[in-house]
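As written, the chain order gives the labels A, B, C and D, with residue 1 at the start of each chain.
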Amino acid sequence: MPDPRAEKAFDPQIADAFLQANEKLGGLPKYLGVRFIEYQPGLLRAELAVRDELLTMIGNLHGGVLAALCDHLLGCVCYPHMKRGQWAATTEFKLNLLAPVSGGTLEAEAEIVSLSRSLAVVCIEIRNGERRACIAQGTVMIMDPKKRA
Amino acid sequence: MPDPRAEKAFDPQIADAFLQANEKLGGLPKYLGVRFIEYQPGLLRAELAVRDELLTMIGNLHGGVLAALCDHLLGCVCYPHMKRGQWAATTEFKLNLLAPVSGGTLEAEAEIVSLSRSLAVVCIEIRNGERRACIAQGTVMIMDPKKRA
Amino acid sequence: MPDPRAEKAFDPQIADAFLQANEKLGGLPKYLGVRFIEYQPGLLRAELAVRDELLTMIGNLHGGVLAALCDHLLGCVCYPHMKRGQWAATTEFKLNLLAPVSGGTLEAEAEIVSLSRSLAVVCIEIRNGERRACIAQGTVMIMDPKKRA
Amino acid sequence: MPDPRAEKAFDPQIADAFLQANEKLGGLPKYLGVRFIEYQPGLLRAELAVRDELLTMIGNLHGGVLAALCDHLLGCVCYPHMKRGQWAATTEFKLNLLAPVSGGTLEAEAEIVSLSRSLAVVCIEIRNGERRACIAQGTVMIMDPKKRA
């Protein structure tokens, strides 16, 4: 269950803007093929199609794909709960890789479990078909436009 | 200081093979531009040139680049200390992002702090010029050819 | 939702033995005052009464109480899912402290999110009244009677 | 190597006060028997004698002792680098347990690897004789007297 404070601070317009940006992604998120599916207060659901280029020589999905996906979701789940102009800086996270992935789709859900004015703690679960592939938890600092720690 | 057990188990031929593979990388490591610089018993040094495509819209290096780099080094530092045919499965790691990165080069060092027959614990430090950009610690399981947990 | 494999491997007799041991605790768990409330397949619920001796000079619960409680639950949630004679070795965990605690009761729930023959990954949530106080995730190795890594 | 900013901000009087408080400890640190040995800029060295009461039934040191010790050092290494009246709130940490401990002394060293006005990131290594027993890394928020996040 997301932090109830996330419900009060949810801006659906920003969520929509992020959903519509799926087609315009650049950089690492484009290379990975991250697709945002749905925002709700305190929640973000996303998908990633496992293509051959993302596998290692052993035939398993490179763990770095899951790690980079976690980092991406940590920040992005926060934006609709922040004031305009603020930005999200992931300061730390930890992940456990639970099962090898060799194909199909990753279905990820990021949930804000604690939200204050300057800090969010987020849990992530990534599934691959029937199986949990990864869980993560991490901290995001909500930064004001000019202040950097 | 690496685990002394890593010194006894170091195979320089495998280390050389990994160093020479810099030109033949594929997939995520190629996209990121990871370059292995040096192996020593229990140690791996690598570099990554920060190019514009890896920045976010705010102009900072995407945290997912650092996360994926950590995952990659966690496994690769172990191979010269494993028997041929074995493979390295990262099971978990945690990272702290210490300073925003906006250009230059990442210089990473991965160190095996504990090594047993089936498990390695690895610490990573990534610098960007004068500054620490990231520290990480994680666990790698050393898997026999057919056995998967 | 716990790993379905935890359901198949649940031994209610061992769970009962752990519940009945509340009165006979020694060492650190006794000092902390950990009380097991309920086992279910893949789940353990426990409580801890926050007494003044566990507070710091600032009047908040010492974070070490939450950290030690997490470590204790990580191992204990696994025992009813293990063979007799095996033992649980916590190899790593990570926790986020979400809100200061100054009194009342801690209500903790540990859940096995992934279980194989030799490894369990466990998530923990600790509440203090209405508020989440701590979340954690970690890895437990299931060790055979004589084999130590 | 500690963050150079820790050197500029080191107050030896506060360090001395913490060292002299070894005899007056209360609560969990007293129960554990933590002893501070030495402060330097960005560093704190501490010891803990492993007594039988801290062992589990299997004869190994309870992992919760190491976890609680880490939490304690995370905050305490910061105080000589903070302004008077500020307090240190550990927000998260992660530890790896590297070897079972059954007796002797724990020798711990905590190092501030990154320090800003409001945040410290700290690495900890705990040795037991010749062996590394635990490594940890975590984040401490430096809180002003009245402001709580």
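Keep this in mind: contacts are C-beta pairs under 8 Å (C-beta built on N, C-alpha and C of every residue); 3 or more make two chains touch, one makes a residue touch a chain.
On a predicted model such as this, the values are computed, not experimentally measured, just so you know.
K.L.:
Over half of the interface residue numbers used by both subunit A and subunit D, so same, or under half, so different?
P.N.:
Mostly the same residues form this interface, as more than half of the numbers used are common to both chains.
K.L.:
Farthest from subunit A by Cα centre, which chain is it? Let me know.
P.N.:
Farthest chain from subunit A, going by C-alpha centroids: D.
K.L.:
Find the geometric centre of each of subunit B and subunit D from their Cα atoms only, then give the gap between the two centres in Å, rounded to an integer.
P.N.:
The mean C-alpha positions of subunit B and subunit D differ by 28 Å.
K.L.:
Please report how many Å separate the Cα centroid of subunit A from that of subunit D, as a whole number.
P.N.:
For subunit A versus subunit D, the centre distance works out to 32 Å.
K.L.:
Centre to centre, by mean C-alpha position, how many angstrom separate subunit C and subunit D?
P.N.:
23
K.L.:
Where does subunit B touch two or more other chains at once, residue-wise?
P.N.:
In subunit B, the residues touching two or more other chains are 91-92, 94, 96, 139.
K.L.:
Given the complex with subunit D, which residues does subunit A contribute to the contact?
P.N.:
Going through subunit A, the ones touching subunit D are 91-92, 94, 116-119, 139, 149.
K.L.:
Provide the residue numbers of subunit A that touch subunit C in the complex, in ascending order.
P.N.:
Residue positions touching the partner: 3, 94, 96, 98-99, 113-114, 121, 123, 132, 135, 137, 139.
K.L.:
Residue numbers of subunit B touching subunit A in their complex, please.
P.N.:
For subunit B paired with subunit A, touching residues are 26-29, 31-32, 53-56, 58, 62-72, 74-75, 87, 89-97, 100, 148.
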